[in-house]
Amino acid sequence: MTLLLGAGLVLILGALAPAVWLGVRGSALERLVGLQMAGAVLVPVLLLLTYGYGQSSYLIVPLVLAVLSFAGVLVFLRLLDSRS
Amino acid sequence: MSRRARQAVFGTGAAVLAVLFALAAAGLPPFGGDQHPYRDRAVAAALHQATANVVASLTFDLRGLDTLGEEMILLGSVVGAVALLRPRPDEKPHADDKTSRPQQDAVALISYVFLPLTLLLGFDLLVHGHLTPGGGFQGGVVLATGLHLLYLSGGYDALRRLRPLAWYEWVEGLTTAAFALAGTANLVNFLPHGRVQQLFSAGTVPILNILVGFAVGAGAVVLLAQFLTQAITLEGEG
Amino acid sequence: MRILAYGVAGWLILAGAYGMVRSRNLVHVTVCLSVAQSGTYVLLLAIGYQWGAPAPVFSPGSPIKLPVVDSVVQSLAFTDIVVSATVTALLLALAIQIHKTHRTLDPDELQSLKG
Amino acid sequence: MLPAAIALPLLAGALLLAVGRHLPRLLADSAALLIAAAVAVLTGLVAIEATGGRLVTWAGTWRPVGIVLVADPLGAGLACLAALLTCCAMLYSRRYLEDAGTHFHVLMLLFLGGMTGFALTGDLFNMFVFFELMGAVAYALTGMRIEEPGSVQGAFNFAVINSLGAYLTLAGIALLYARTGELGMPQAGVALAGHRADATVVAAFVFVAAGLLVKAAVAPMHFWLADAHAVAPAPVCMLLSGVMVELGLYGVLRVYQVVFAGTIPQAVVTRAWVVLGLLTALVGSLMCAGQRHLKRLLAYSTIAHGGLFLAAAGLGAAGPIAGVALGVAGHAGAKGALFGVCGLLLDRHHSVDEGELHGRGGGWREPSCWLFLAAGLLLTGLPPFGPGLGKVVAEEGAWWLPAVSLLVSSITGGAVLRAGLRVFLGWGRRLPPPRPDQTYGGDESPETEEPLPRTPKSMLAALALLLAGSAAAGVTPRLAEWAGRGAAMFLDRGDYLRQALTGAAGHPPATVPEVGWTTSGVLLGLLATAGALAVAALQLRAGEAGVSEPGPLRRLHLGHIGDYVAWLFAGVATLAVLIGSSLI
Amino acid sequence: MNAALIAVSLLLVAAAGTAVVATNDPGRQAVSLSALGVALALLFFVLQAPDVALSQIAVGTALVPLMVLLAVRKTGK
């Protein structure tokens, strides 16, 4: 259990934090890259934590995140794209 | 006021309040402690009502009046935004819009794959809201987002064809009314409670979840439609 | 942990408000307001946390075990999030109309209400 | 019965939205009017019944878990006032905002539901929810005239400041929950009772009060009000000025009484309320005197009266509270009528600018002239009518109150009378064109689709009703007696807690303050009216000088959202210092 | 381990929130607001509030930033 949580923590520090960092710097498109990465990294993080906590009902959260963050980024891309 | 004066006034006030807040936080029970009297009563009541998701039980049963108010805030905001964003007499939608062109094939394909998936996920959230995390609000927003994937795949026109707004206003109004009715009646949870952790349990909670899901979904669609219309099709002097 | 949790909540409220004070764009003001509000979510959930307790959801297939973290604040935070979204929508709608009538969103240049 | 009073307008609003687009306008009007009238009757009955003991209902059967609704005469009375005002506003607005369709009706009904819910709830978070409901709907209603530059900007300022205040309130509720583990006001009150007022309790109180004081437009958190009231459609102004501001006041006093009175001593909060109230009255009066934008003038008058109400009710004695209750009822009617006449002027002349309308109001033969001047006189406190009785009773609380009240009544009443005489009768010197730092009320678009050939009877009837109600509040002994009982019950904390928590039968209060006209009261009222007439005469003679005002104060009121946020924090910090310093 | 997870999530939220406020251009801010939404969702998740995390994902990372972006598009021209 702790191992899974630890893996989650490592992933947060090593991938999610840099992704969020990218998401708050630079031009809108550069930020979008960070956002896309943050959404993508958060899914495995939440999966690891779900098993780490031993609560299978939490699985719905990464599932919804995966679908929505993907859709969100596409919509963002389209709107930013047609603006510039 | 000058910028400097403004920031000085704010800074003074904020400093006082920050100190007060810090002192207040220092006097609170420790983080992560086990003193939660209201929680204990709520969990007991939720189990008595056979509702496995205690948050759903609080939202739709024990503190249903809050949710009635919240639902009305949503309704009021949607109506308000529709009224505020109504086209002015000097504004007309313009036909040619480059964003209405279908997107590249890859994006369109992905969107078509995701569309049913998203809708299914939304329904799942609604139906199991009393058993697992999720519920009407989340499900409704997911449904609305799913519908807007159409914007990606088929362009704005496809979305507009699939989304006769008057109809959504009907759904929004009726489901909200239904929620208000059910919510008022649900000030007593009158249906049989069933057994906890079963699909048919928790009395009125799942029904309210589904009603709220449609109301929220319809509301979000109407809301986004107003913004999309403003941003994409309205020309005028604006 | 207490200092960190409550500190972050207070910080978000203050930072959001400071952003509103120095803002030069009404859409920016709206976003800062929603940052300030996210401070209240953090505050609520921090208050309801209990070490080692799982979420207050007794899903099918798992035994009902107590304690769980405070479900009341979760219900409140949940309401709060919906309220935030709706207020943001109204503010953005107003900002759009302000831009139409004033041709600007800079609070320093809005001149219709004085004295 | 209590959940019905809240749910009825909400339910009707939702249904109206669903079927509204196929409904003829007349039917929608009548339906909304009927619902508001039904709520008025319902809450009125509740208020009368509550004079014999509070009505307590748990929403849901979850006695220790759910939300408690508690109706006492003042709370239910305020809800009734809100419903009555909504009736008048709906009657008045038969020809209003026709391009917004039934959305206007839906919003008005939701607004009413929010106000009744706020007045009747006994639960802090539920109070926050209804506070936000009132707010969200009011923002939209204020910004309804989307082609007016002022309208949308005023609504934006209103929305931002009120929302920020609401979030501070929520933070306060969270602190209180962390401390006591309760959300119900009576439960939290019991949990706090007997404890020392440490920093956590003070912070919880200050933050919870913040949003409510913003709603009550207490200086220096009052800026949004003038912006919002100057630009909202007239029927909406009736509700905003007549009852929403007062609901904020009610909320803050109620929360103190039920939750904190056992911990923070009355003397400590009294000092804070008196300081803030007097400041508000002063700022409101000064700003009121110098306005040429008629609706802004009325808005500042509301601020000044709100300050007076806070200073009087904040004393925490039954007599002044009864007076404030009557004063609020009287003020609502008179101010509603004044806003209504401004709406008529706007419709006919496309302007609410005093200088531009000089002598164009229509003279003695115009009914709105009589309505305006009569409402202005009522507002000065002329005996034996409602606002006057309220002020007189409230003044018995402290030696300085009569002087302050005299000043506020003379200045604000004088400004209203001056404006009325200048606009309708063409008295006084002509005003020069507005300076660039003044809000100019001319050149506004009307609120009706097409100019009305003559004033519809329904509009005049609504205004006459408002005025009659305002006057009647002073000459109905029964009402005064109920206000006295209500005030006594409002302060009886122990009985509130016992009734709300155990469901015990209520009993009428032991001592009830005497509420009625006295010789000195009549004299004081006459003096205030005379003072107002004198101020009006002076301002009419002075011309330009009559509408100028202290410069530095005006330069703070620039409609700048950043300023307003800064002052909001400064105001809450002031409250914190006022409360904190006397506890250390 | 829980403590470390909560602390890291809190810091991430604080940093993202500060960055959103400090961004002056509302178009960029909309994207960063979405990133703040992601960070908040993580925080709610580790605080054992999956319900709240779900609504934060639905509202805070998709709906609200989208509305902001549409408003920016309308007013930026």
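By letter and in written order, the chains are A, B, C, D and E; residue numbering begins at 1 in each of them.
We take it that contacts are C-beta pairs under 8 Å (C-beta built on N, C-alpha and C of every residue); 3 or more make two chains touch, one makes a residue touch a chain.
Everything quoted here is computed from the prediction, not taken from an experiment.
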Practice item. Give the chains in contact with both subunit A and subunit E, ordered by label. Key: B, C
Revision key, fill the gap. Chain centres computed over CA atoms; the one at greatest distance from subunit E is chain D
**Study point:** Chains most often in contact, by C-beta pairs
**Key:** B-D
Review point. Taking each chain's centre as the mean of its CA atoms, how far is subunit A from subunit C in angstrom?
Key: 20
Revision key, fill the gap. Cα centroid separation, subunit D vs subunit E, in Å, comes to 37
Revision key, fill the gap. CA centroids of subunit B and subunit D: separation to the nearest Å works out as 31
**Study point:** Sequence positions of subunit D contacting 2 or more other chains
**Key:** 125, 129, 132, 136, 139-140, 143, 146-147, 152, 175, 177-178, 183, 558, 560, 562, 565-566, 569
Review point. What parts of subunit A, by residue number, touch at least two of the other chains?
Key: 53, 57-58, 60-61, 64, 68, 71-72, 75, 79
Practice item. Mark out which residues of subunit E touch at least two other chains, giving numbers and ranges. Key: 2, 20, 30, 48, 50-51, 53-55, 57-59, 62-63, 66-67, 70-71, 73-74
Exercise for review: Answer with line, ring, star, complete or other to describe the graph linking chains that touch.
Suggested key: other
Review point. What are all the chain pairs that meet the touch criterion?
Key: A-B, A-C, A-E, B-C, B-D, B-E, C-D, C-E
Review point. Which residues of subunit B touch subunit A in the complex?
Key: 98-99, 103, 107, 110-111, 114, 117-118, 121, 124-125, 132-134, 138, 142, 145-146, 148-149, 151-152, 231
Point to revise | subunit C residues within the subunit D interface of the complex | key: 9, 13, 17, 20-23, 26, 29-30, 33, 36-37, 39-40, 43-44, 47, 72-73, 76, 79-80, 83, 86-87, 90-91, 94-95, 97-98, 100-102, 107-108, 110-115
Exercise for review: Would you pull the subunit A residues touching subunit B in the complex into a rising list?
Suggested key: 57-58, 60-61, 63-64, 67-68, 70-72, 74-75, 78-79, 82
Study note, to complete from the structure: Within the complex, subunit D is touched by subunit B residues 1, 6-7, 9-10, 12-17, 20-21, 23-29, 35-39, 41-42, 45, 61-66, 68-70, 72-73, 75-77, 79-84, 86, 88, 166, 169-170, 172-174, 176-177, 179-181, 183-184, 186-189
**Study point:** Of all residues in subunit A, those that touch subunit C in their complex
**Key:** 53, 55-58
